[in-house]
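Heads up, the next two complexes both have chain A, just with different partners, chain B and then chain C.
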Partner chain A sequence: MTTLELDGVTKTFGAPDAGGVVAVDDVSLTVDDGEFLVLLGPSGCGKTTTLRMIGGLETPTEGVISFDGTEVNEVKARNRDVAMVFQNFALYPHMNVSQNLGFGLRRENEDRSSEEIIDRIEAVAEMLEIEGLLDNTPAALSGGQKQRVALGRAIIREPRLFLFDEPLANLDASLRKTMRTEIDELQSEVGITSVYVTHNQEEAMSIGDKIAVMNDGRLQQLGTPSEVFNEPSNQFVAQFVGSPDMNLYEGTLTENGDVYRVNVGITEFDLPSGLVQAGDDVLDVVVGFRPQDLFQSRTRQTGGPKIEADLRVVEPLGTEAILYGETEGRAIRATDTQFHDLDEDQSVTLSIAPEHIYLFDANTEELLKGRLMTEREDTGVGEVEVRDGAGAEVRDG
Partner chain B sequence: MAADTTDPAEEFGSNRSWLYDTTPGFYLRKVLIWGTTLGLSTFILFPLYWMVVTAFKTTSEIQQIPPTVVPETPSLEGFRLVVESSLAAGGFDSFLGWDISSAIDIDVLLLIANSLKVAVGAGLIALVFGTIAAYVLSQQEFRGKNAIMSLLLASLMFPGTAIMVPEWELISTLNLFNSHLALILIYGAMTAPFVVWLMKGFFDDFPDSILDAARMDQCTPYESFRYVIAPMAVNSLIASFIFAFLLAWNELVFALTLLNQSKFTVPPGLLTFVQGFNTQWNVVAAASILVSLPVLAGLAYIQRYFVQGLTGGAIKG
Partner chain C sequence: MSYADQALSSYERALGRVPDGVRVYLPILPVLALVGVFILYPIAQAIWTSFTDKHLLRPDEAEFVGVENYGEVWTNPQIHEVLWNTFVWVSVGSIAAIVIGFVLGWLLHEKLPYTSVASAIVLVPWVLPRVVGASIWKFMFGGSQGIINELLVQLGVIDDYVVMLGSTELSLWPPIVGMVWRLAPLFALLTLTSLKGIDRQLYEAARMDGATPWEQFRYVTLPMMRYNLVIGFLLMLIYNIRNFSMVWVMTRGGPGVSSSTLPVMIYRAAFVDFQVGFASALSMLLFAVLLVFSYYYIQVYDKIRGEF
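Moving on to the complex of A and B:
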């Protein structure tokens, strides 16, 4: 129904020369009709400001926002037909649930019949399973219930766009997981173009069709969850996406006949030249290992570099554990399912498949080589695809 | 035996004096608490009690020494005189065909009407100007803002009568002597600072996201005000209004000095009944009760809004 486009959108608060803040800096992106875009980034990076500009609550300093090709910069929020779910729910405290839901419908069209409004309130309440709460005031609701009402208030109008500003941040962890599935299902059901803001990369991965990673007001990358995970455009994205954090080591890349020689201090290895395109003879690089890609040599042969590490802490998370180790004075993190017989302070040999190694240019922090699929995991990446139940087995290999 | 506890709250609890640990201590505590409560209540409630019993006494019983604590011959004489003479003054006696020949000249209805006029006027002035000022002080940043807030607070601590002379000059310059407008302006100005403080608290706490939500729900600025801000502000506005209203209702000194007897409000009006040795105290007491009733009834009705407004209970959703 609606394609959203941002072209060079910039927002500056205050005068730029007098200590003003550039909250959003030259962001361009397109969200296709019915698509679910997640704006992901650390707090303060301009996600909310971007969302508010889309909703019409802020005016861009520069650039163009358009719906279906029509510029809406000057269109007031109330005329954009956009619905927004706020982090703190922002329910009207003096209205009961039913009035909260119906308020927008009434404002949209004063002549709408009360029967129609009541019908739609009931339909939405049923969809969200809050039929029993219609007469309660927001003060009497739990966090999860408030969240449902806030969602209901957004979907009842069947707007052109849904905007979500960290809608789950105020809920506890278990509720967050169920609600995020519900939002995902709800959005697919109604098929309305959506922009969803979060600083939680796991949430972004699981809910988004596309992810726009932002930092410092700038768009870092726009891509599908697996693109963002496997081919992060730069070091920032690589570090921000994925948990635990990626291991990063500075090193050098030297052309050596058919192969590239990589030396990162803690280990040294060759990469086939087919895997990486690099011009210079010697290049300062940053090498990245995802903890999920590091395996103990005894459990799995990766055919890649080996790293001796002294274990410091083993943090069990149920089926797997995070292994915190140290190698040549550098910290290293790995995850593994074979951890029950491990002692803290013992040493382990970790290794990683060459395809899984990330390389970044140390000067520009841009990606030189991303993570490629190996034959053994043609179903995709563990972290990203866990929802489909395929990636989980990969690690047990 | 003793639990090995490190919880500071429990340690504090276990470290109590004999006042808490022994039976005599328990009773002493009760006695002290009840004694203090009783003393304070007597101090506050006795004058009210005395007013009520005086209203039901006859003139001769009032002059009895020692005074009686409970009326021996309860009488409605005081009330009768107040009502009759008020009706007479209002011209209702001929209308009702009553023959009233009261020695005193009281028009309670007129006093109440005058007071209502002044108190409502002052309340509205304080509300309108105080709310607008509070909104600006809450939403805008400008130099001297804190100074203004402090000044307003200081003016609340300042007794109004201290500026009697300049006020007198002002009213005289404005040519407003013996007019209710003069009182409305003075009372409004005296209470507006309180309204500013109360309403600024309201606006400071008002969540921006609720206004954003209203905008996303397609409200025009007017609709946001009409359907969202105003209903949420109602309690605070009522609390502000009551405060201003009560001050105007009770104020004596300005009313006494700026008005002639014909325009008196309730407080100076009641004072005119006090006429040295001839004072009919039962009439004064009865009149006091009668003029308090409408305000008491009104307050009882909106008391809950008052408390909610003062504590900001309206906003915490």
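Moving on to the complex of A and C:
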């Protein structure tokens, strides 16, 4: 039961003035007791380094890491009472499953009786359904079984914090989804504060209570999955979260009475000024359309701007398809369930509800307008709104 | 290209007529012949010779004498000292080489920069021709101008130069030092590679599991290296017990037999005293010991292959 706090944490590898690398740059965040935080970002964004600093495997160059308000910067990894699940499982190959599970208990507390340890091992094995494997060595286990043992090794100690370093990256796709749910359930069950690192935005959206999106060592946004999806703090977050990628077009924003006129070349539309937090009269902007928010006009009226596009590729995914099109020389992606009668090279009219349009300042890349979740009676009604942040992310990235 | 071109040649057809049970042995015939001529035949010859009174001055007049040579092995006045020397040589030499080699390998892995350069330097004693290495040590242990005597005097260990190679009490030790110098690098390299083979993440897992550095060494490093260490230990035993050049170059086994090990005694019996029969009987003794070591070596080796 621990509240984790990072305050201005920076990690530099090598001397900063002599070509050193700043892996983590001034990251501050708080993970409340029992909360599940996901650190999300592309490779090399510093998420793993952040996790390792929390675990004590790396020391921060600057800043303070604290558990329940107590600074732990100088506390060694072995004394932090933190458990970590590694990407490649890191099971001890010379020990059987039971010994692997019990290793932390035997070390941590010398006077714990071996009956007690055995009881705990059996309880955890039962919880993870690996009772039958206790005498096997890791070499004899499948990937999913190894993953369970690695989880068990973390759970058995009932630590203050769970750290997960891309624990599902080495599993195949279907197993990844099962284990994802299991980790989620397990964490809610034991209620231990957790930090989970992944580069997979779909995994992040489905598992996290909160998501911290990182890029180039900096924290881009900290929020719930739906905040990150609907109100990305900047263009990077908007593009990184969500699949297929958001459509982004450069354009201009002009104040015109009580509306803003947005011109993006491929289309033009008005936005009520209340929706936009823009200071200047004319602004270079970047407009974003989520592929999930673009509908064919023939199937649904959105009341928003229409875009004529020539279909290039229709990629069926079962119940829906990704439509790859081209409009005035610009690529556009949309997803739709009404695709069976579509031919490639056909032209379609796509439209998007104004409240679903994202607007970014072209200079700062900061968000001007996010995606509103309020229901609009005159659009495609309820079904559109079911596609909120987490729901839209069930598609495979 | 027609199917006719693919037809079996007359040679292949002839091969086809050989019964299956015989045919499978045909491919290993060349190797079998080489092993037979160069390994099995000499061994058989040596076993036979050990039952004769063959003498190099009259090699054609060898007569079968039964187990007389083996009897002489037990009654020989020198054999006990030689066996004791061999025991000291093998145990002290191996243990010292292992301890020093392990520490060296660990330092190469953990502490020293430029591992590849450092391991190349460490390997010099092992790649240097044996006689050259032995000659250097003989020179360094020299009684009148040897640097080791000078060093010991400077350090205050001894008051004056000691003729170590010519002393019946001390003559075994300089060759042991030379042998450790030669074998430790091999063990260091073995240690280095087995340490490098351990996944670093296991140590991180152990740290997260609350293990102290000693516990990491005891419960991760050592068990992960156990087979490599056993293999290395057996290799050290085998190399040590077979060694001839280090002793021969430095002391010729003397004075008396004070620095003789079994291989040196065999050489002396055969090529100094010309008693080839007796030398062969001694060889059988060495052969038996080596067989035991080799048996365990192969056992461990198979176990490793079964595990990975």
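Structure notes:
Following the convention adopted for this analysis, the second predicted complex is superposed on the first by the 374 of 397 C-alpha atoms of A that agree within 3 Å, B and C clash if a C-alpha of one lies under 4 Å from a C-alpha of the other, contacts with A are read in each partner's own complex, and residues count from 1 in each chain.
Here is the rule we use: contacts are C-beta pairs under 8 Å (C-beta built on N, C-alpha and C of every residue); 3 or more make two chains touch, one makes a residue touch a chain.
Because the structure is predicted, anything quoted here is derived from the model rather than measured.
Three-chain overlay on chain A, with chain B and chain C in a clash.
When the two complexes are overlaid on their common chain A, residue A:V262 makes contact with neither chain B nor chain C.
Judged by the touch definition given at the top, the superposed model places A:L6 against neither chain B nor chain C. Contact with chain B, but none with chain C, is seen for A:P138 once the two complexes are overlaid on the shared chain.
By the touch criterion stated above, A:V24 is placed in contact with neither chain B nor chain C. In the superposed model, A:V276 makes contact with neither chain B nor chain C. With the contact threshold set out at the top, residues 55-57, 77-79, 82-84, 86, 88, 90-94, 103-104, 107-108, 139, 153 of chain A are in contact with chain B in one structure and with chain C in the other.
Within the complex formed with chain C, the residues of chain A that make contact are 55-57, 76-79, 81-84, 86, 88, 90-95, 103-104, 107-108, 139, 153, 157, 163.
The part of chain B that touches chain A in the complex is made up of residues 207, 209-210, 212-220, 223, 227-228, 231-232, 314-317.
Residues 52, 55-57, 77-79, 82-84, 86-88, 90-94, 103-104, 107-108, 137-139, 153 of chain A are the ones that touch chain B when the two sit in their complex.
Here chain C touches chain A in the complex through residues 199, 201-202, 204-212, 215, 219-220, 223-224, 226, 307, going by the rule given at the top.
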